[in-house]
Structure formats: structure tokens, C-alpha cells
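Note sheet for the following structure.
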Amino acid sequence: MNQELKQQVVDANMALVSSGLVTLTWGNVSGIDRASGLVAIKPSGVDYAELTVDHLVVVNLAGDVVDGDLRPSSDTKTHLELYRNFSEIGAVVHTHSPCATAFSQAGVGLPCLGTTHADHFFGEVPVARALTPEEVVGDYEHATGVSIVERLRELELNPLEMPAILLKHHAPFTWGKTPQYALDNSIALEMCAKMALMTWQLNPDARRIPSHILNKHHERKHGAAAYYGQGK
Amino acid sequence: MNQELKQQVVDANMALVSSGLVTLTWGNVSGIDRASGLVAIKPSGVDYAELTVDHLVVVNLAGDVVDGDLRPSSDTKTHLELYRNFSEIGAVVHTHSPCATAFSQAGVGLPCLGTTHADHFFGEVPVARALTPEEVVGDYEHATGVSIVERLRELELNPLEMPAILLKHHAPFTWGKTPQYALDNSIALEMCAKMALMTWQLNPDARRIPSHILNKHHERKHGAAAYYGQGK
Amino acid sequence: MNQELKQQVVDANMALVSSGLVTLTWGNVSGIDRASGLVAIKPSGVDYAELTVDHLVVVNLAGDVVDGDLRPSSDTKTHLELYRNFSEIGAVVHTHSPCATAFSQAGVGLPCLGTTHADHFFGEVPVARALTPEEVVGDYEHATGVSIVERLRELELNPLEMPAILLKHHAPFTWGKTPQYALDNSIALEMCAKMALMTWQLNPDARRIPSHILNKHHERKHGAAAYYGQGK
Amino acid sequence: MNQELKQQVVDANMALVSSGLVTLTWGNVSGIDRASGLVAIKPSGVDYAELTVDHLVVVNLAGDVVDGDLRPSSDTKTHLELYRNFSEIGAVVHTHSPCATAFSQAGVGLPCLGTTHADHFFGEVPVARALTPEEVVGDYEHATGVSIVERLRELELNPLEMPAILLKHHAPFTWGKTPQYALDNSIALEMCAKMALMTWQLNPDARRIPSHILNKHHERKHGAAAYYGQGK
């Protein structure tokens, strides 16, 4: 297992706190080493302040613990389902950040109301359906992952262009190429949700921005001829 | 009196500030040593930053001060009524945290709108009735405790499954097995109240989550086969 | 001029920042030494972080600068009008704290919606009328003070029982026996305004609490038989 | 290029973070040395915490990089258009601060609802029109600057009296004589937008303040006989 990646996973877990995204222990970050097929994830219910690389739990894509003394996050099976289906992604973040969670609880998708959103999410962040009683009683966290994959496929969305989902009655997941990108997407999602709430207070009819602006902001940051940032 | 418990009570009082739950001196934490039947509680109107174990006031369940030079919290009789009636609990927290207090002032119960809530409160956090003029002029803080106990019994709620109440015209109380659990419940209550306000802005019709999801989240964290956390 | 009071005025000005009440330089605290009839006030437009006792400007009740090298706060004449008319008070605080300022801008009085409010303000915090073009062009800051005094007298309010006002189109003033009490009233006003906004979102019909609860909380904290705090 | 100005630009960029105006790297500050006609601007996508004078990119008014190893902010052409047309200004700030961005996304101008606003902005902060598909596909950031200049000229506004604009579907820009003034205007704009949202929740009919109050506050701070601050 890549040691640098494990440190990035620890750093991103701790940044959940410094960025104001988590309360108590309501959040977790994992990262996958695609070479070995191993995933490092936060242990369940452990304080972020105490977290070190040694606390991380390493599991394979089948969910077997291959390293670590603690129990992995209770959401581990959701992370694994995303890694198995979205081969482009390298990290997954789950939080209960308040504004994005409000959209999840309300069952309302987060449309692209401005360029802040367009810079991170290529269109409306969708809501995944509520799980059935059978799914909940059965393999709940696995079924959660299945519902995310199902929703992105229904909408024909590329996971790197739409690196976020809102789980009905629950909270958001985001992902990205690295723990830092996945974390940035959680930060951006929370801020876009916060701004959408205020935008609708001012103008209940505000809907998605014109597609030429959405396309432009997506392309200038993520396209082949991107010119945002230092080209790293 | 258990000295470790006294330190936990001091720590939880100070955490009221670091967690953003209190303004000025609007909040207090107590803990009970069931072996001796003694309760350690914050002194009234003392700054949290200055608080040490020596400042705590120790009272028995009848309300007599048995140790400490300061006057106990003005809310002491409310805490004692909860300890006398809810033998399962070991600590009580009172705050005027803004979002939960808004629900109290509005007289609106806080329904379970998502899994964040389900992880801490098994259903709607109820509102206790306003006190009568006779109760207020009489033994006000005692009557406050009576109204809390009365409401949980009316609703046939187990105090460890519903470790919170909203006092009409006033503010919330929470409780738990230890000062840390009682504090966590105050933190969770405030965040659930904040998220409910935003959820209803987005969807005024959002009501409680399906019971199979409520049951699942309660069981995975608090049930006999709980698998959240490290089994501590 | 009382040196201890000057330090209290500096401390309270700096606490405006740490308590989150001011942005940029939008706020000021003064204190009066009733023995000498001298008022120490923040200089205009000076950063709080740099403020020391030597920066304070000392003026007499007629508004003449008797000590200090800087220009006093542009709001000085408002403070002086309050000191001349409310002989019970020892300090005045002015902020543009956002929630209380929203009530000022909306021209909506802040009713007592709960015990948090009742502990500090004995009834609805009133709105002072907008000033006329003649008053604004003339001695604007003096006229502001006149409008505050006028409003409290119209409503027959005791300045220590109602230590706050909302200026129409402007922002709040608070006062108290000492700089600390006046500051606490600004902190309490902002929080009560914040909670009122959320209370009305939940229940637009929420109006003032029953008078027996208002009276009880006022008496237990401020009455002859008060039992909140340590009797200091 | 003026070295003191470069340090001011660095300081103002870092103050974007400490003042809570930016999330991730969503903001930038530039300053112009009118003697040399050179502009120092933040490099694109670089963390504020790491920023030093040596990272700044220096460009001339035609947009050619004359000093610096990094790529300039992707918004550079917008800044330059403002410097070319508003000869009175010395610095430009762009943020996606949440409340001001909500006004931009909603396409709602920010009217002067109180003296806080009047102290900084002489009337309603206007919204610049959305760009056309041709402008967006073409020279997008240049066209953004053109739309700002166009809107101020349409409304016959003096850039130092109205040092802010809301870009439709995007976010605000502010400016001023120095980086510090331009930054203060971004801070003031965000707070005025926050207070306007709450003012309208309380009173949906609240509209601009009487012109005699607007004029008074503008004059006492910015007029020939200004008496706010220390006359610096």
C-alpha cells in the first residue's frame, strides 16, 4: 500500500475538521492505490485530532481488512462500490455538511446557479433514490453505493465531471482523482448549496445558468485547453 | 464524589464554548455519581474559561449543597428532577444554542428528517408544554423538570433513545450516560435543528424519514448488533 | 479620569471583535466616570487590534475633548446624549452586528420570544424613529441620541430594564452599568435577533412570551431576590 | 514596479482568507502602479498561505507578462479592463463571497437598506448583464470587464462612489484607491448583502433608505468635510 497516499488520506480526514465540514465524527475519507487494489479508510468513530497513518484501516476491493487494528468506517462498503464502478476515481469523501445535507433531506437536486458551481460540477448535482426496506435491512451500505452508481449511469454522467451525489434522507458523497480533489469537491458542494439557498430566497425562479457559461467554466478549468491554475 | 466524573463535568462545560453552543454563560453541564447519589454541577454565572474542578458545586438528590463555595446553577432543580426520574442517565446538559432554541421558541417539535438525526434521536424531539403562572411563581426550575419527565412519559419515550427535549418559550435540555454523551447530544441537536430549518426552506413538506431508515440507523449505532464506532 | 474604567473601555472595544460583533471599524464603546463627569471613548476609524488606553479620547458631557490626540468616534454626541439623560448608566456600546442591524433596517421591533431575551431585555426592544431631513443635515449624531431618549420616554421604559434600542435605517445601541454589562447586552441582543429570525421562519405567528415567564426571568436575574449568578 | 504596492497586494490576498471571503482559491487581488502602468496580480490557483511577493505576476495594461514565473489569475483581463477605464482606481478585488454571490446568481441589485451600506456604496450596487454566447466563446474575461464598465457608464456612476458590481450568474468585483480600500469594499459588500437577506426576511417591502440619510453618511465619510476616521 502506497504510504504517501495513506498520509494524504489522513490529511484529508483532518482537513474535514479545519474546513468546517464535519461535526462530531460525521465524515470520512478514503483513497485507493490502484496498483495494489487496496483502499485506506478512516476507522469508525475515531476522533480526527487523534488520527495517524497507523490508525487507517486497509481493505481490498472485496471488503476484507488486510491491515489495521481498528474497525473501518461503517460506510466502507459504499466507498468500495464506488471504486469498483468508477475506475477513474482515486478518493471518496463522505460528510454531513449542513447545507448539502439539507438538499439531501429535502430530496432536491442542486442545480448549477452560477460559475462557482460550474467550476466544479458539470450540471445539476443529482439526488440518489431512497433505499427500499429490503435494501436497508439487507446490505445497507453496499446498497447505498449501488444507488449512487445507478443514478450516475441513468443520467449518463461521467464521475469526474459530476464528482458528487446527494443521498435522499441522508447526506452527500463526493469523489475525485486524489484525496485533495475529493475534499475540494466536498468544500465546493457545501458552499454551492449554501449559496443556492440564499439565491432562492432572493429569486425563487432562479434556475440553471445558460449552457454556454456552464460549458465555458467547465472547459477553462477541466478541458483540454484549460487555463485555470498552473497546469499541474 | 467521583473525582474523574468531576473532571468530565468541567471538560464538558468548557467544551460548550469550543463547540459554539453557548453565548455568555447560557449553559451548564452536570454529572451524577450514582454510587453516592451526588451531583456535580456548574456554579451559576461563572465564566467557562475560569472553571476548575474546585469551582463545581456538589449537591445531593434532594438539592442540598454538600460541597463547594459557590451557588449552583440556577437550573439545578431541573437537573435533579431528571436524575431522580431517569435512572439510566449520568449527565445533563442545558444550552441556549440558537437553532434548537428557535424550535423551542416556535413551539415546533424537531422531526427526524434524515440519518444524522436518526443516529442520535429515535424519532421527533418533543416540545414540553409551557408552565402555568402558578408553576412559574412557585418552584419554577423544579416544575421545568417535572414538565420534561411528564412529556417523555406521555410519549412513552425511553430517555436514552430520546435524550433531548425542547422547552416551550425557553431552550433545549439533553442528557446521556456520561457528560461526553450528553454534550454530543447537544451538539447533534443543534446541527439537526440547523439542517431542518434549511430542509424546510427547500421543501416545506419534508416530514420524517421512512421508519425502516430510522430503525436501521438507530440499530447500527445503538442496538445490540451495533457496528458504528469501535465497540467501546 | 478613572484609569481602571479606561482599561475596561479598551477591553470592551477589543471584545467587540472577539465576540464577532463588528466588521471593519463599525462599532465603539465608551464609559463614563460619574465622579468627574468625563467620558472615555474609542477614537474614530482606529483598528481595534492597535487600541490602547492612550488612544482613548476623553470628553466632557458638553463634548469638549479634554484629553487625547485623536478625533473621537463620529458617534460621540449620541453617547453623550444618553449619558446626560440616563443617569443610571455607565457605558454605551454601538455596533452594526448583522442580525440586530437587520431588525433596524426592517424597522421591526424585537419582541421577547423566549427566556434568553427575558434574561436581558424586559419586553420588546423598540425601534427609534427615522430622523427628519432637518435633523440629518443639522446636528445628526446629537439628534440620534435625542431620538433614543425620546423613544424610551414615550414607552416609559427604565434604561436599565431596557438597555437597547434599534435605530431605524441604521443599527443598534446598547448600554449598562459598566462596559462589560453594556457589551453583554450587545452580545445578547445579536443572539436574540438571530434566534427571532429562525423562530419566525418556523412559526410566523410566534409573538411575545407569557408575561408571567417574562417577569420570572427578569426577577430571578435582576430583581431584589435575584438568584442567578454569584450575587456579585 | 513599486515594491510596497506588491506587498500590499500580497497582504490583501492573504486577508481574503482571514476575513472569511474566500473558499479554496476563489478570489484574487491586484494593484496598479500608475507611474509605470504595471499591474501586480495573484497567480492562478495558488494557495493564499504560500503566497509571497515573488509569486506575484506583473503585467502591463496590454496584458503582457513582464515579470513572474507563474501564470496570472485567469481573471486578469477583467482587472485590466477596469484599470484602463477607471483611472481613479488603484486596486481590484474579486471574490465568490457567499452572500454577494447569491445576489449575483439571483440577478438582484443590492439596494441601500441602511447606513452600513451608505458608508461604502452610494446607492444600489448594480448587476452587470449576462454575457452573450459570442462573448463567452470569445475573449470571456475581457468581455466581463467590458460589461462592468458599460454598466457603470449606463448608470452614470463614479467608480469611487460605487466601488462594486455584481456579475450576473457569477460573483462580485470591488475596487478602490488601494488594495486595502478595495478589500474593505469586498468585506462591506458581503456584510451588506448578508444583512439585506435578513432585512427582507423581516420586511419584504424594505427598500432604499431616504436620500437625506444616504447623502449624509456618504458625505461624513467621503465628502470634502468628512469627519469619520482620523483624516488620513
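Per-chain residue numbering starts at 1, and chain names A, B, C and D are given in the order in which the chains are listed.
Here, a residue touches a chain if its C-beta (ideal position, glycine included) is under 8 Å from a C-beta of that chain, and two chains touch if they have at least 3 such contacts.
These numbers were taken from a predicted model, which means no experiment stands behind them.
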item	value
Same-site or different-site touching of subunit B by its copy subunit C, using the half cut	different
Angle (degrees, nearest 5) of the CA superposition of subunit C onto subunit D	90
Whole-Å gap between the CA centroids of subunit B and subunit C	32
Euclidean distance of C-alpha centroids - subunit A vs subunit C, Å	46
Where subunit A touches two or more other chains, by residue	200-201
Chain-level touch network, classified as line, ring, star, complete or other	ring
Chain-chain contacts as defined at top	A-B, A-D, B-C, C-D
Subunit C contact footprint on subunit B (complex, rising order)	23-26, 43-46, 70-71, 74, 96, 98-99, 101-108, 130-131, 133, 136-137, 140, 169-171, 197, 200-201
Residues of subunit C defined as touching subunit B within the complex	113-116, 119, 184, 187-188, 191, 194-196, 198-203, 206, 209-210, 212-213, 216, 220, 227-232
